[in-house]
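So that you can tell them apart, the chains are marked A, B, C, D, E, F, G and H in the order they are listed, and the count of residues begins at 1 in each.
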Amino acid sequence: MSSNPNTIFKRPESLSDNITHYCPGCTHGVIHRLVAESLDELGLRERAVGVAPVGCSVLIYNYFNCDFMEAAHGRAPALATGFKRTRPDMIVFTYQGDGDLASIGMGEIVHAANRGEKFTTIFVNNAIYGMTGGQKAPTTMPLQKTSTSPAGRDVTKAGFPIRMAELLATLKTPSFIARGAVHTPMHIVQTKKLIKKAFRLQNENKCFSLVEVLSTCPTNWGIDPNGSLQWVTDNMQPYYPLGVYKDPEKKNGEES
Amino acid sequence: MSSNPNTIFKRPESLSDNITHYCPGCTHGVIHRLVAESLDELGLRERAVGVAPVGCSVLIYNYFNCDFMEAAHGRAPALATGFKRTRPDMIVFTYQGDGDLASIGMGEIVHAANRGEKFTTIFVNNAIYGMTGGQKAPTTMPLQKTSTSPAGRDVTKAGFPIRMAELLATLKTPSFIARGAVHTPMHIVQTKKLIKKAFRLQNENKCFSLVEVLSTCPTNWGIDPNGSLQWVTDNMQPYYPLGVYKDPEKKNGEES
Amino acid sequence: MPGIRIDKKYCKGCELCVQACPMQIISMSKEINVKGFFIAKVHEPTKCIGCRICAIICPDIAIEVVTHGTQYIPFEY
Amino acid sequence: MPGIRIDKKYCKGCELCVQACPMQIISMSKEINVKGFFIAKVHEPTKCIGCRICAIICPDIAIEVVTHGTQYIPFEY
Amino acid sequence: MATQKEVVFAGFGGQGVMTAGQLLAYTAMEEGKQVIWIPSYGPEMRGGTANCTVVVSDNRIGSPVINTPQSACIFNRPSLDRFGATIKKGGLLLINSSLIDITSERDDITEVLVPCNDIASKVGSARVANMVMLAAYVAATDIVSFKTLKKMLTEKLGSRKKELLEINYKAFDEGRKLGKKIADKG
Amino acid sequence: MATQKEVVFAGFGGQGVMTAGQLLAYTAMEEGKQVIWIPSYGPEMRGGTANCTVVVSDNRIGSPVINTPQSACIFNRPSLDRFGATIKKGGLLLINSSLIDITSERDDITEVLVPCNDIASKVGSARVANMVMLAAYVAATDIVSFKTLKKMLTEKLGSRKKELLEINYKAFDEGRKLGKKIADKG
Amino acid sequence: MAKKLMKGNEALGEAAIAAGALNYFAYPITPQSEVAEYLCWRLPQVGGNFVQAESEVAVGNMLFGAAATGKRIFTTSSSPGISLMQEAISYMAGAHLPVVLINIMRGGPGLGGILPAQSDYFQAVKGGGHGDYRLVVLAPASVQEAVDLMIESFDIAERYLTPVMIIGDGMIGQMMESVEFPKKYRQQNDPSKSDWALTGAKGRSARVVKSLFLDGKKLEDNCLKLEAKYVEIRKNEVKYELYKVSNKNKVLITAYGTMARICQTAIDELEEEKISVGLMRPISLYPFPEKEMFKEANKPNILAILDIEMSTGQMVEDVERVTKSIKPIEFFGHTGGIVPTPEEVKDKVYEMLKKFKKDKKKS
Amino acid sequence: MAKKLMKGNEALGEAAIAAGALNYFAYPITPQSEVAEYLCWRLPQVGGNFVQAESEVAVGNMLFGAAATGKRIFTTSSSPGISLMQEAISYMAGAHLPVVLINIMRGGPGLGGILPAQSDYFQAVKGGGHGDYRLVVLAPASVQEAVDLMIESFDIAERYLTPVMIIGDGMIGQMMESVEFPKKYRQQNDPSKSDWALTGAKGRSARVVKSLFLDGKKLEDNCLKLEAKYVEIRKNEVKYELYKVSNKNKVLITAYGTMARICQTAIDELEEEKISVGLMRPISLYPFPEKEMFKEANKPNILAILDIEMSTGQMVEDVERVTKSIKPIEFFGHTGGIVPTPEEVKDKVYEMLKKFKKDKKKS
């Protein structure tokens, strides 16, 4: 390597040096990085407080270089509300899995979004309860096998997967609601933009913002990491369309 | 009064003889009657189990001639789920106010609807917490004065009213979701049809069914009973459009 | 000939029937029931067309509608 | 001339970079790191175009991309 | 013990029983007494009766729950049914005779009929019936001075509402006359 | 006390340490013994080490927690680091020498190197490394009979998988040989 | 500040403001909704904020988040609402957060009723949530004491970094009494001076507020850290009142909150009848006045102890425990909203005097 | 039925089926998720049903609804999940519903950890919810006992129409032991034979299952009805085990659940050293073996009591209470997932023997 080396991609400042406990190929790591890069680029790290969920990312505070608190399962939006209302000058974000946000935490996220709380939620949808060993989530795909649906999700008994972005977008209170994914570099690049915008809107005190991100769980899906990315393309993406569902900067309907 | 008298309107059998504790002109009474008439007409009373909410209608079991249980605040859909899954041969309905269903009970109603539980929910939206003395509900209208929003609901802090029918209609699981009202005889007649259909669909084991009904609270709105009916027309109806939002018997979109 | 019966026990004097009756034949009486409410009464019973609108809007199911002979039912209920 | 550095400490051998690299120049080595994972390595470093795709997809931020001199950046990130 | 006075105000919502009780409480406090005002907040409130109890004492007040008060100011029939029998022997019962056409039929208490609504209408507003009653009670028991009572009323109403104040004063005067009689008798 | 035997199986997920422990437990139970199998289910499970403890006794078993087991079957390096020092004085340590190139450096226990993976590959499948280890342990301690062990294995695997069964039997035989040597020595 | 006649619920609200606690989170429930109805307009006047949450589960967790700012925050609720906060309370205790919670108790279990009761003693004092934690629990007997304890509770919460709960029955919330507030209201905390609050990782390493310790040893350390605080609390924060306690007392009454006032009336009346009864009123239910109560119970003149509660008997277990049952203990109570009267208390005393005098003769 | 080697969690699931309880509602949480993972396929085989709820709050309330059918229903969870059920538990107790709840306890407070603990004793035994109610609380020490108590708990729940809770630490759920199930499994209840279940108002007047009594007197009556049941329960349902209790014992150990087994090992080892220690293991934590424990404590040979728990000390308060502190009581424990070892128990005994022998000499 000769002179004038130029690092064009490196670990963001908002991340610590710790090695994550995530399984090989788990895209939680990618999403962490996108959040960290957004904080870096917007210069928010020193004012940021993250709220950890209960789920595989419960130890997220070990991986970030910003203040963090750890919520009860599903209640991160309530913690974020409490914090942000008391310190409106800070930047607050929750990072939540699909069991956390779409199952036990349904009430809290809907109401935080509806009140228009000025924080940002990163919603990691991997269609399963990762941490507890692969049980069915409300977002589990029809016929997907999990440890509590060994014959596959039966939609006649468990209903269809919940599309949180669509559900939250019905609320009239202005907000930024989008869905991205991280199963290809292109999607990662696009999702980064969504996450960064979500934080920018918070920083401008505009609205509540939430980015749902389709993610993988190679371990509990029982599929190798690259196969898992493919599984997102084949199974999740068609059911969970990517895009911006609500945007305070666009007129109603413009984005859809 | 001469010979051949013919009663063309009378108290339905499913209602008891008790005088309700509702305030004069409160339309909870009308909605009770519509439910009772539907049970009568479909012959369901003897198999019916109601689930009372916590709210002004907490004593509803005193007014019906069918079995009843009384839920914790907001949790009626969970009780109904527990009951119906254990006794699928019975007819189960919840009767819930807007504080009960749309505030504290948000998680339970969304998930029951999403799992497609085969019970019926009557959702009485009077834009306020009646029982506890007129506090702001998630369904309170913008600028509406309540005991916890004496200057009127401030949408920049409390967000906009939640439209539950629309929110629930985004779920993919088949269901019957409609909104009626009872502020004019015509609306009462229409709403009766919705409620009856909701019960019929349950009886046919088709799907979850929910009818939201715009209702009044003369006492806490501080408006006389007739003025309250007018207030529904002027303020609630424009924001809460009446109609069928989801119908398992119609193709998607057909109803809207 | 149709007519209504208002059950004093149930009436809470809310006046919804008064305003709803298309024939404007219901009004509030000076009579107070056990619960202390002024109750509604029909002041021109002969004008009643048996439309059931008063009964439909009454939140306390205080009103029964009866008829003698045939009765045109303007809408299903 | 661009190139990447894979930090052995972070690599978990998931092979996402292997499949993602458009130049197909990353493969799995026989080397095991402290955590017991086989780590990725670049087998044809000179072919690297510095597109950053491997780094973007790496969930463990094991990859740094460097360049010497100017580098055409095909997309904003 | 002897220094403690208890009174219940009971009627239906809108008759101003809570306000009357509160005004008494404010006045007693202003005069340096210990005081408790406690409403019934049970389920019977809706549509039914409303009532509150005021306890005034020179010393620290023990029980805030008074099951057998020394006095009661009763504004409507259901309240008479409920509280008539609870008054302490030798106690005082004031009945709003404008709306109640019966008595407690007790001979171990002093019973006074105060046609509150009639007097109130006479002095200018049906809404001051509660003040007639309060004045009668105060005059009968000397629990507080009228001077302070008027001062507190003025404070609470605000000096802007001159006219209303005058009507209230008149109500006081009328009630006072009735109460005085008992005091003189007793 | 003397009748109680304890052994830890430890390695990383996928090495079949849990299965080996369970098979031992089933076998001991089949032979009428009291038995406990207890896994570590702590956070270290994910990606890290997996381990379980089996306790076999003629009498009612007290503590299910064995901090200092008599024996350990160690499948990988991190497990050796964790459990090597905990083995009771005079205890038995079996080390999977195919993957572990060090020893415990203790002189107060019996240490045996079992090249499980090598033997497993030799007999036909890398996946029976755990059975090699189990057999070595059983042979060394006589904790259960090989007859019952084979019977239970057959039951668990199901008789359909004949081929797999054969490989497992072979693994047993090889492990047994190694274990026997210790038993004979000890 | 001059004396004011105020409803307990409103006075609690004003007391919080006096303590510099300007962020309030709550959900309506009888008999304490007036706190929110007061603070919803009062807080904005002083630059504070009230969030009406969607549920008590959310309230508990909003407190959790708000407490992490280092400012003073609080809630008020009533029995069923408090049950819904148990998970959050356990989390906040585990994360060493200062929080003040008020439970204006109503009759239970279940939906129960809305009348005053004291049947949440166990929940508050023994811990309704999971895990090894305790709450500091204070029980005022008057509106003034409610105000004073409210203000002090924030100091206690911050001194030990622990949740503090004030329990009062519905009467405390509903009645008006004259009350005085401090002349000088406290300023809001300046979080930047805190060494644990989350203020942004600027010029320092990142801070974490959490209760998770996957490593058993670390979790145990956290529990021992908690226990060490409780030891301190038991040493420093015991509060109680003795009323007419003397060596003439035959019976010692134990009662707390409003119930104790009713007992005082009974004691006053008994005194006129020359029957000497003393009252020990624990003000801090946790820490419980253990040694103090034992001392009183152990006095030779005391024939027996009479515990009186608006419940079927909860504190009585602690009375048994701390007095080592050295004297016979009788329980009397009403529950579900029924309030024992001074007459009933007196009757119970008469009955006990008869019984234990007889017993004495026998032995 | 032949003996099976089964994991505690799975055995609990099978036991419920044996008891005729075929409707199960749960939410995943370590260390008990295997119950759901077992029952999700096992229940359909026997005509049962499992609903994976959206949360433990929902689980509690699903149980409430399901119990009203008159069939046997149950849930399993772990510490934080149980905290979320407190409101529903209070409601079910108040509404006289038979329900079985299992808490496979993990370390707390807060998110804590997932290792075994016994730190939810207070919550279970004293009542984590609001109002005057108690739970029957049973604590098994082995997988077989867990199965037996599980089956019996449904009978108890129905006998008294009350919720029953089984608490076991994570080890009970995770370990495999040999276990036997009854030969004949029980049929599901026939609700039509119930005189309280909601079966439809056909040929009878309507029934209501509720806990609301706005009238204070009626609510008090309901509380007294509950209390009357608890009196019966305290009379009939006390369960405990004595281990090596003799008049040679110098120390009496009190411990429950798995912790008691560890103490047994210690006692066995001490016996070999000629140190005689007995164990009293409460199996029913509520009703607590009050008289029985007092009797044992009061025996002249006992110098002191040693209470051992996987907590910072919770049951010890009941030990103090019921033994009237007639003997010195020492507590030893670990918490947060750390399990006291037989060695530690022995060391504590040595220490106590020294101390109390000395004390004796002194006095």
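In the analysis below, contacts are C-beta pairs under 8 Å (C-beta built on N, C-alpha and C of every residue); 3 or more make two chains touch, one makes a residue touch a chain.
Fair warning: this is a prediction, and the values are worked out from it, not measured in the lab.
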Under the document's definition of touching, what chains do subunit D and subunit E have as common neighbours? none
With chain centres set to the mean of the C-alpha atoms, which chain is at the far end from subunit A? E
Farthest chain from subunit B, going by the mean of C-alpha atoms per chain? F
Provide the C-alpha centroid distance between subunit A and subunit C, rounded to the nearest whole angstrom. 59
At what distance in angstrom does the C-alpha mean of subunit E lie from that of subunit C? 40
Report, in whole Å, the distance between the mean C-alpha point of subunit E and the mean C-alpha point of subunit G. 34
What's the distance between the Cα centroids of subunit C and subunit D, rounded to whole Å? 83
Where subunit H touches two or more other chains simultaneously, the residues are 30, 54-55, 57, 80, 87, 91, 95, 110-111, 113-115, 210-212, 214-216, 337
Listed in rising order, subunit D residues that touch 2 or more other chains are 35
For subunit B, write out the residues touching at least two other chains, lowest number first. 23-24, 58, 70, 72, 103-104, 106-107, 111, 115, 138, 158
Taking the touch rule as given, give the residues of subunit A at its contact with subunit B in the complex, in rising order. 103-107, 110-111, 114-116, 138, 155-163, 166-167, 170-173
Given the complex, residues on subunit H that touch subunit F span 3, 5, 30-31, 113-115, 170-171, 174-178, 258, 261-266, 268-269, 272, 337, 339, 341-343
Under the touch definition given earlier, write down the residues of subunit F that touch subunit H in their complex. 1, 22, 25-26, 29, 34-39, 41-43, 60-65, 67
Spell out the part of subunit G that touches subunit A in their complex, as residue ranges. 23, 25, 49, 51, 53-55, 57-69, 71, 73, 87-88, 91, 95, 191, 198-203, 205-212
Within their complex, state which residues of subunit B touch subunit C. 1-11, 15, 19-20, 22-30, 33, 184-185, 188-189, 192, 218, 224-226, 229
